[in-house]
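Two complexes come next, and they have one chain in common, chain A, joined by chain B in the first and chain C in the second.
And now, the complex of A and B:
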C-alpha cells in the first residue's frame, strides 16, 4: 500500500513537471497540441494525487500503524471522525491535502475557462504546474506521508482539545482558502505572460477568489469559536502569529475583491490589482512557512520541521519571478482612465484598499518584528496585544465607516449637495445612536462608542440601499414586496450579497467592541455556599461533583446564577483530567442570553483538595453577535457566489464587444 | 508604443489624488509603525541563561523545571525555567501569579513576561503562555512528577 501512495505521488510530480515544461514551451512556441497535452497532464495530476490521498485515508481508517504518519497522529481508540481529521492533523498529510486541492482547483479552473480564455489558459497551466511542482516535490522528497516503520501496538493518539468537531472543519477550510488564492495568482501571471492583461483574468477568477476568501473567513471564525468554547481563557483571538497568518491573506483578498470592481467598471488600478493578487498568494505561502518553521514563538507550535527553508526559497522565487513579470508588462498595465475626484465611489474603494493593506502590513510588521529586531539589535523583541489593538482601531474604525459610505456615494464625482442628501439619514441615525449610548454609559470606552456609532451608520445605509432597490423593483411591476425583494437579490447577486457581508462585518464589529471594550471580569476563591458578583450577575457556588468517563475524570463546580431577583438556573464549570494523555483541560461554563447576545463565562481556574475553587468570571456583552456574523457572512458569500446566468450572458456579450483575441 | 506612452503620461499626470493619498497613508503608517515598535509595548524575548543582571521587563522563554510549589492565586507559583535545549544549570527561579494555562507542567515550554528582582524572575499576573509540544501527538514526559 505505501508503495502505491509513493508511486502515485511520483507520477504526480512527473505530470506537473511535464505540464510546467511542455506548457511553457507550447505557449511560448505557439504549439497548440503541446499546450493541450500540458493541460491534460495537469488534470491527470489531480487524479494521481487523488489515488495517493485515498491510500493515506485508507491507512488511517484501517489503523495501519506501519505508516509512520498514521502511528503518530491516531490511535486505536480514536473515533472515526477524528481519524479522518488526522489526514490534515500532521504536516505530511496537510501538504498532501494542499496538493490535492491545488491540482483539483487547477484542473477545474482550467477546464471551466478553456473555451473563452484559451489564450490565457496556455500560460495559466505552466504557472499552476510550477506551484504544484513545489508541493509535490515536498511530499515526494522532503516530507512523505508514506514513510513506513515497524508497526507499534498502538498509535500516539491525538491531543484531547483537538478531538473536537471544530477541528473537522477549521483546518480544511483554511487550506481551501490558502490554496484557492492560487487560482487568481495563476490566472494573473498567466495573463501577464500571455501579454493580455485585460479584465478577463479577473472575470475568470472572480468566483474562485470569492470562494477562497469566504472559506478563509469562515475557517477563521470557526477557529475563534473553538478557542472561545474549548481553550477557555475567555477570549477568541490572541493576535498569535499563526492566527495572523490566516488573517493577512484574508485582508488582502478583501481589498482585492473591492478593487476588482474598480478595474471592471472603470479600467483603473490594474497594477494595484496584480500586486494585491501576488501579495495574497505570497502571504498564504508565508503563513505556511510561519506555521511550519517555528521561527517565531506561537501558542500553536505545530510539528516543526525542515520544510521551513524550502518554503522561504519558494516564497523568494515566487515574489522575485512575479515582480519581474509585472515589471516587464508594466507598460501594458497602465490604466486608460483616471481618478476624477477624491470624493467618489472609486476613491472610497481606494481608501478602503489602502486601509485594508495598511492593517495587513501593520500586522505583518508585528509578526516579523521579533526576527527584524533580532537581526538588527541582536535581541528578539515581541510586540504585544496593545500594538495590534491600536492598529485595529486606527485602521479598522475608518474601514467600518467606509462600508457605509462606499455603496451610497456616486461614481466618478460626488457633489456636496448630493452628499448631504445621501448621507442625511445614516448620519442622523448614527448621531442619535451615539447620544443615546453615551447616556447609557457607553462613554467608558471611546473606541467602543465610535464602533457602535459607525455601525449604526453602516446599517442605516445598507437598509436604505435595500429599501430603495426593492421600491424600484416594485415600481417596475413586481407583484408583492417579497417578490420585489427576491428579484432585487436575484438580479445583482454580487452587489446585494456584498451588502449582506457588510452587515455581517457590522455584527462582527459590534460583537468585538461589546465583548472587549465593555466586558467586566471578577475573580474570587469561594468555598461551598459562598457567592460572588460580576456585573449584574450573582453566582453562588453550591457543590463539587466528580464523574468518571471512558477517558477522563470530570470535576465540575455547580453554581447558581441570578440577575437581580431573577433566578437563571445553574451553571457548571470545571476541569477534565485525561488519564492516558496526562493532560488537564479547563471546561468552561457559558450562559448565553438569547435576547441580548450577552455571555456569562465562568472558568474554574483552580480546584483545591478541600473543595474551594478559584473562579474567574467574565460578562461579555454582545459576544454572540460575532458568531451570528459568521452565519450572515456565509449567507452573503453564498448569495454573491451563486451562479448567475444573466451575469454570464452579460459578460460574454461584453467580451464580444471588446473582441476575443484570436486564439492559437 | 507611442499610444502607450501617451496613456502612461496622462494617467500619471491626472491622478494627483491617488499619489497624494498613497504617499500620505504610507508616511502615516511608517511613523506609526516606528513609533509603536520602538516606543511602545515591545518586550525583548530572551532565554533564562541570558537573564543574568538584567532588570528591565522581558519576555522569558524556557522549559519548566520542577518542583512546582505554591498557589498561583495566593503568594504565587514557584518553579524554575531553563533554556530550551539547555541543561538544568541554566535555570532561573520564577514566581508566577494569575491564570495558569491547562498545558502548564514540568517539561513544557512556556513564555512569561516580567522582570528580575533579587535573583527571582517575578512574572506579571496572567502573562503565562504555554506551548503545545506538538500539534496532534501528545508527548509523554517521563520526568513528570505531577
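And now, the complex of A and C:
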C-alpha cells in the first residue's frame, strides 16, 4: 500500500503547515480557537505519520520488494529483527523515524505542559510545526520511503556490520536524543516569541532535555559497544565524524543541564542558556546532516545522498532566525544578578560550561576541518586521533575534577576555611590513590594516572554527599537509615540522580584510561598448534571451523587461552562472509574477566587458504567499566527524570494566583 | 489501490475534523481571546517566581548547612541576603496584590 503511505505523509505535511501558519496567526492575534486548532493539527500529524510508519513497517515485514526502500535495505534471508531495524537502516526510513518522533514529542510536550504553560504553548506549536514542515517536506518530495519499482526476486540485503542486535537500539536512541532536543528548542523560541523568558520554559523542558540527553548518552554507549564487538578494529570510539556528531549535542546539552540550575537558583545566565539550547538543537540537525548526507568519510556513511543542501539550508535558516529572535528579546533576557565570587557553586558550573563548550568546539573544528581544507586547498585533511585525544585530556581532565568540586562548594561564595574543611577528605583519598598507583606502575601514562587520581577525588566527594545527606535526613526524623536514604533521593531527585550520573562518568573515565592508556597489543601469523603471548595471556591456535547460517558463511579460528598455569578455556575469532550482500565482516573473540573488568580481545585479521591466520590481540584493562558506566548512567538519569508532583502543583498554583485558568 | 485510497480519505477526513473541532465545538464563543496574563499578571508571575526561588534557596541552604557542605561562616553570610530577597518578594506580592487605591 505505498499509496496510503504517500497519502499519509501528504496529510502530515498539510497538517504541520497548517499548524505553523494557523499557530503563528492564532498566537499573534490572540485567537484561542485558532491556536487550539493548530495544536490539534500537530497532534493529528503524529497519527498520520504513525500510519505512514505502519505502512513502511508492514512492507518491510512482508518483504515487499516493490518498495524501492525495502528492496535496497533488506533481503529474504535477513532475520526478522534486522528486517525491522531496516526501518532506520536507510536514509528515507530514518527521516521518517525523525518525523514520527518529532510529531510524537510535539504532541506529548504540548499536552503535558498545557496546564501551566498555555501562554507559551501557543508559540511553541508553530516552532515545532516549522521543524516538522522541513522533515515532512523531505520525506514527501526529496527522499520518499514509498517510492516503488518492479519488484526484484530478492532485495540487496543489509550492510553486514548493521546486522547486530545493537542496531535495534543504537540508532533509534540517537534519534530520540536528536529529536528530543527539539523540545527545549521549541519551548525556548516559544518563550522568546511570547515575550515570557521566565523560568517556566526551563521547567517545561528540563525533563525533556534530560530524556534527550540520556537517550543520546545511552545511544552512544551502545554504539561504542557495537563498534567494539562488531566493527572489529580493537577499539570502541574512533572519533569518527558521525560519532562526534552525536557527542557534540550531548556535550552542549550537558552544559545546559548544569547552567540551567544557575538560572533557576540565581536568575543568571539567561542569554547563555538560550544560546546553549539553540546550539544543541543546531548540532542535532548537523549530526543528522553528517550521518545522512555523506559529505564526510565515515564508517556510518552508508549512502551518499542529495539531502545535504536541504539540510544546510535548514540549519542556516534555523540559526539565523533563532539568533534574530534572541537579539530582538535581548533586553528581556538581561540577568538581574551577577556572579558574586569566582569560588562558588555557580562559578564551578560556569567553568564546567566553558570546558564543555571548548571541548565541543574543538571537536566541531576537527569534524569540519576536512571540508574546509578541501574547499580551500583542494585536499581533504583529516585530523587524527591525537588531535582529539589532546583536547580530551586538556578539557576532559579538569571537567572530571570539577565534578567533585562543584557539589562541595556553597552557592554564592565559599570561604577558604570552608573549602579546606570540605575538600580535606577527597584530597587525601585522591593523593593516596595517586601515590599507591604510582608505586604500582601506573606512572607509565601521566594522563591515565591523573584521571585515576581525579576519579578518586570525585568518588569520595559523591560518597560524602550521600553519607552526609542521609545522616542529616536521619537527624530530621527518618525512622531508619533506609528511610533516610530514600527520603534524601525523593526530596531532590535531580541533585542525587545527578551524583549517580557523575559516578557513571567516573566509571567511564577509569574504563577509558585503563583500556587506552594501559592496554597491551600483540600481532602474529600462526599456523595450527602455534602460540603467541600478550600481557599475561598465552593463546594457542588449535583449529579452523566453517559453519553455514541462513545469511552467511562463518569461519572461526579456535584458540586455547591460558594465563600463567591457569587454563581459561577456548576463544573463537574469525569472519562472516555474507551471501546476498557479498561482503565480509570481522567477528572478534572477546574474553571478559568479570572480577577485574579486563578483556582479552582477538581479531583474526587475515585467514589464508592454507589455514594460517594473522591474529591481532589486545589486553584491555578495566574496559568493562565503560559498559557498567552505561547502566549506572541509566539509573542516575532515571532518578533525575522521575516526575516531581510537588513542582507541578506549585506551577499550577502560580497560574491560579495570577488569575489564569490552569487549562482549558 | 482502492482500499488504500479509501483509508487515505478516512485519515484525511479524520484529521480535518480534529483540526476544525474547536470551531465545530464553539461556533460562536463568548470570547475567543487567549486569556493571556496582562502587565500586572506578568509582574505578579515574576514575583511569584522570585518568591519560590528565594524560599527554595533558603531551604537548600538550611539543608546544606545541616549536612556540613556549607560551613557556619558561609551559612551566616548567605542567610541574610536570601532572607531579604524572600521578604522583598513576599512584600511586593502583598503590596501589588491589593487594589491600586490601597497601594497608593
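Points worth noting:
Criterion: the second predicted complex is superposed on the first by the 643 of 664 C-alpha atoms of A that agree within 3 Å, B and C clash if a C-alpha of one lies under 4 Å from a C-alpha of the other, contacts with A are read in each partner's own complex, and residues count from 1 in each chain.
Here, contacts are C-beta pairs under 8 Å (C-beta built on N, C-alpha and C of every residue); 3 or more make two chains touch, one makes a residue touch a chain.
Given the structure is predicted, the values throughout are model-derived calculations rather than measurements.
With the C-alpha superposition on chain A as described, chain C and chain B fit side by side in the combined arrangement. Figure note: vertex chain A, arms to chain B and chain C, all at CA centres after fitting on chain A; angle 140 degrees, rounded to a multiple of 10. Shared-chain residue A:369: touches chain B; no touch with chain C. Shared-chain residue A:164: touches no atom of chain B or chain C. Applying the stated contact rule after C-alpha superposition, one finds that A:358 touches chain B and leaves chain C untouched.
Of the two partner chains placed by superposition, A:487 touches none, neither chain B nor chain C. When the two structures are aligned on the shared chain, A:562 is found in touch with neither chain B nor chain C. Once the two complexes are overlaid on the shared chain, A:553 sits clear of chain B and of chain C alike. Applying the stated contact rule after C-alpha superposition, one finds that A:44 touches chain C and leaves chain B untouched. Minimum Cα-Cα distance between chain B and chain C in the superposed model: 13 Å.
By the touch criterion stated above, chain A contacts chain C in their complex at residues 1-4, 7-8, 11, 14-15, 18, 26-27, 30-37, 40-41, 43-45, 47-48, 51, 119, 122, 196, 198-199, 264-265, 267, 407-408, 410-415, 417-418, 421-422, 465, 468-469, 471-472, 475-476, 650, 654, 657-661, 664.
Residues of chain C that touch chain A in their complex: 1, 3-5, 7-8, 11-12, 14-15, 18-23, 26, 29, 31-37, 41-42, 44-46, 48-50, 52-53, 56-57, 60-61, 63-64, 66-71, 73-74, 77-78, 81.
Note for the complex: chain A touches chain B at residues 72-73, 86, 89-90, 156-162, 231-233, 297-304, 331-332, 334-339, 341-342, 347, 350-351, 354-355, 358, 361-362, 365-366, 369-370, 373, 379-384, 386-387, 390-391, 394, 523, 525, 581-586, 603, 605-606, 614, 616. Chain B makes touch with chain A in their complex at residues 4, 7-8, 10-11, 14-15, 17-18, 21-22, 25, 29, 32-33, 36-37, 40-46, 59, 61, 71-74, 99-103, 109, 111, 129-138, 140-141, 144.
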